[in-house]
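Should a chain be cited, it is by its letter among A, B, C and D, assigned in written order, with residues numbered from 1 in that chain.
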């Protein structure tokens, strides 16, 4: 027990050092790519609180990502003075949207939940696409003006890739710490029991809908964190942020990495970008290759890449221990 | 039979010879550091054919330029990326091209939404971009900046011509069918503004149709518009949507002549090749380049080379991308060095002849002044597709709003 | 003795089919009561109404003098009625300990602790260990339930129910699918729990041996109606009941 | 002839096409429990194959027969090689796997037929128009309008009266029982998947003369088909019919009366129906 805890601490430390050192050794584009991976990692982690831990497959999660992106972008386009405050307001807007959508959606299960969230997501998509006077319609809100970070007198040039990398890294680490804490809390255990057996949980006195809603809103909140950061990163909010294909991305990443391992979605995000980056480098028929890689991954890694590797390692270790005995 | 076999063999050897020649020439050119161009178009999904034509046009131009000794003795080298018609994807591609591939200039963009998202970021990328398709007036208007240039006709130029033609038709009551995004709505807004100025007596109907992009079934929109009994309809659909619309509309008797029909992007060979003789005749169609609109040597050479390489006539998108490569070449030669800021300086006010005609890039807003042709669709047995007859051409200087009117402030 | 549960004229229709038709019965506090009846008699439907899985079409359910008709299941569970299911119903991808802890967290309303790790709540863990110990499952505490034997899984379910400290426990065929040894163990457990705790047990059962060995009072359901009630001896002698069970002897 | 009636025709004719595509989706879901993301791409394949056969043979009827069969063969390969290993896993895996298939098919089409658009002419017999009051209406749309119910009835009879139909229905209700009464579940699943994809192919071939055939034409239809089967009731036959009609009519009348909201209407409808009837309008479960 103690040994494994020490190993984990060591691993976390190594990851932190790597995160801190990387931007000084890789090129500008790699810095931006890692920044994007971290943002999408936050998005996928938020999605997985709902999917992996509560057992609800949301296919409209891009709505919260997008709502936050739009609110953040809207504020910044109108010369809002503080970046952090804009991000906070965007995220709160996402959480608010999650309360509304969640209130209705958590009544349903499984595929019906997935399709209903898809429907709600596309309603938000339609809204930003059609409301030209406020959202810019199909053109979106573009050309954000980035104010300084807005912490006291500390002025950081947010538009520099390196400093934005560190801002995102801070959000990334905070998200991981908070979500990790949540899934290991009493609340998290209740979510897991709802995932495992909704009926049993209800007859144990657990108000399924209330817990699911709480999970939905927390998840929407963090999707909002990611969405706001993404808008700042791309200097824009565009309707494509809310389209169902955008909702499919965290699903893809999570299942790729492994839904039942906390860091699965992050590994999935890394894999996803890596695969895409490599493929688009040598061909523009990237879809066929992405599909051709995705299919065997799904077939041969039933718990996602990280999940399956961890299960396998565990099994090997158990086999070795049995051999010793 | 034997002759054919011989000819075939000749072709094989000929091709092989050319390949070896090109490779060895390329080898010589390789010795010099290439000038890198990054290019982003829609290469997958519903509008992939537009990106494909642009890619072909650009590739052809680069081959020609390199064969003729390159630019300042250095060859062009193009890296293509897929925008997937999504702004975030396009922006990522741009960043990759600038920061990783270290390109010297950028050429591309089909979608206006993508262009509007990417253009403001050019200030950070500090790399000149030549836009060849995206038509939103804003990238050389309200959102113009130092690094963004456009060599293709924009929406306001094209619709200005549409309004002039509309005014001549005598039709009084106008409506529209356009895609339900900025392009469709802006086309209608500009059309009303321009036509009202030319003929204050015209009326614009409240019954309009804006089907969403990638609508499968246009029949309800078609019947609704027909039922409203307009005198004229301006249609700004494009891509597969335009094909769907035309086929379904034709069956419903839309082109029977009860009202005038104008299609702002009807003369796209991407569409005409798909429709062939299904394209109705006698319809006013607009374009950003029409291969039969002028007889200049530059145009003839381009058509011939394009047809030989790709076996079809070039589309406006192919020409625009082709032209962009020559524009860039001219700018670099004018600047005398491969330096981004110098290229930007050189592009401003640049005058050059490309297949579409003589164009001039205005220093004020970076929009090219170029002639815009419209025409009526007609059948001609010499061509596999519908062509335009008659063709009317409007001078770029007449149809382009003054810089002060574009909203461009730099 | 006072009544812990009073059911009045309880009816459930599924479309035109009447699954339960006007059943009235009473469960006395601390009296081990059984509900029996042939397959399809409506026992599980009856249970589902008591535990709030779905509301009755008509009729009333009174628990400790309080009308709980039509309340959702989580509220009924909180009021003090726990239940087990015919088919084992536990949290399968979790350890035995986590199963019990979930129920304890729900009972102590600690589910809103978003940030405190559940395994660091020493009081809670001790409580769970006590429950597991009473079920003889303590040595399996950190084993995933998927690795348990069938009988042990059923015990885990009982443990989950106990962790809610209900005053009335509904056991839906607690020995279904068990080996004779496991059945023995279950009967002994029910006896012991009935003696050691304040809980009243109300069970349905298929196995007549079990019914007659544990019950103090028996209700017989047949085609949705209450056919008979009485002590085990009275039911054994009842000819109507014998007929209802395909004319065979009830003790068979 | 009033505009209202014209749009009624427009709506149900679109509905019939949607029905043909959705019914394959719903059958596959009913029996295999798989929501096939690649269904729209198989519809697209049907259209491309139809185009290919027509341009080689100039025979639309031959293409209408042959194209769906080829699509069904592709479906058979997908089911037996790719889908079989993931049965019994979480629904998300099957969605993801079929999403991978969608990606491959969409690009494969671009590799084979290029990124341009293609069209197919209706057969001469159906190429004309009829005059209805002040409007002309294409004969081909009428053909689809009548063919839809015909195929629907044929399917209904197949499931009601033939041995295979009964087997499929039995296993859609209880998979284990089906295995118990000696149905080879592997063969049945492959058969059903091929049947479902055959229907997608029929939809694609029938749509070919109406639509521009181009890459990703399947992506547009797949979400609409999802909506159809879900509002009708997943796995329900009449449900798919009802759902398709509703969606077709909403499209048509939306364009007439609520042009600004047409984009959102299907999703609003979806939400309302799922929240009032969580399992769809005509579901078997309660």
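The rule is simple: a contact is a pair of C-beta atoms (placed from the backbone, for glycine too) under 8 Å apart; a residue touches a chain by one contact, two chains touch by 3 or more.
These figures come from a predicted structure and were not determined experimentally.
Participant: Shortest hop count from chain B to chain D along touching chains?
Facilitator: Between chain B and chain D, the shortest chain-hopping route counts 1.
Participant: Compare the CA centroid of chain D with every other chain's and tell me the farthest one.
Facilitator: The most distant chain relative to chain D turns out to be C.
Participant: Just how far, in Å, is the C-alpha centre of chain B from the one of chain A?
Facilitator: 38
Participant: How many angstrom lie between the CA centroids of chain C and chain D, rounded to a whole number?
Facilitator: Each chain reduced to its C-alpha mean, chain C and chain D end up 47 Å apart.
Participant: Starting from the mean Cα coordinates of chain A and chain C, work out the distance between those two points in Å.
Facilitator: 42
Participant: So the centre of each chain is just the mean of its C-alpha atoms; given that, what is the distance between chain B and chain C in Å?
Facilitator: That gives a centre separation of 74 Å.
Participant: Two-or-more-chain contact residues of chain B, please, as numbers and ranges.
Facilitator: 43-44, 180
Participant: Give the residues of chain C that touch two or more other chains, as numbers and ranges in rising order.
Facilitator: none
Participant: Do you know which chain A residues sit against two or more other chains?
Facilitator: Only 129-130, 285-287 qualify.
Participant: Touching pairs of chains, which are they?
Facilitator: A-B, A-C, A-D, B-D
Participant: Residue numbers of chain B touching chain A in their complex, please.
Facilitator: On the chain B side, the touching residues are 43-44, 80-82, 86-88, 91-92, 95-96, 98-100, 112-113, 116-117, 119-121, 124, 136, 138, 143, 180-183, 185.
Participant: Contact residues on chain A for chain D in the complex?
Facilitator: That would be residues 51, 57, 104, 107-108, 110-112, 114-116, 118-120, 122-123, 126-127, 129-130, 244, 248, 251-252, 255, 259, 285-288, 290-292, 294-295, 298-299, 302 of chain A.
Participant: Could you list, by residue number, the parts of chain D that touch chain B in their complex?
Facilitator: 3, 6-7, 10-11, 13-14, 106-107, 110, 114-119, 121, 129, 135-138, 140-141, 207, 210-212, 214-217, 219-221, 251-256, 259-260, 262-263
Participant: Which of the residues in chain A come into contact with chain C in the complex?
Facilitator: Interface residues on the chain A side: 181-182, 184-190, 192-193, 196-197, 199-208, 211, 260.
Participant: Spell out the part of chain B that touches chain D in their complex, as residue ranges.
Facilitator: Where chain B meets chain D, its residues are 43-46, 48-49, 51-52, 180, 208-212, 214, 216-217, 219-221, 223-224, 226-227, 239-241, 243-244, 247-248, 251-253, 270-271, 273-275, 278.
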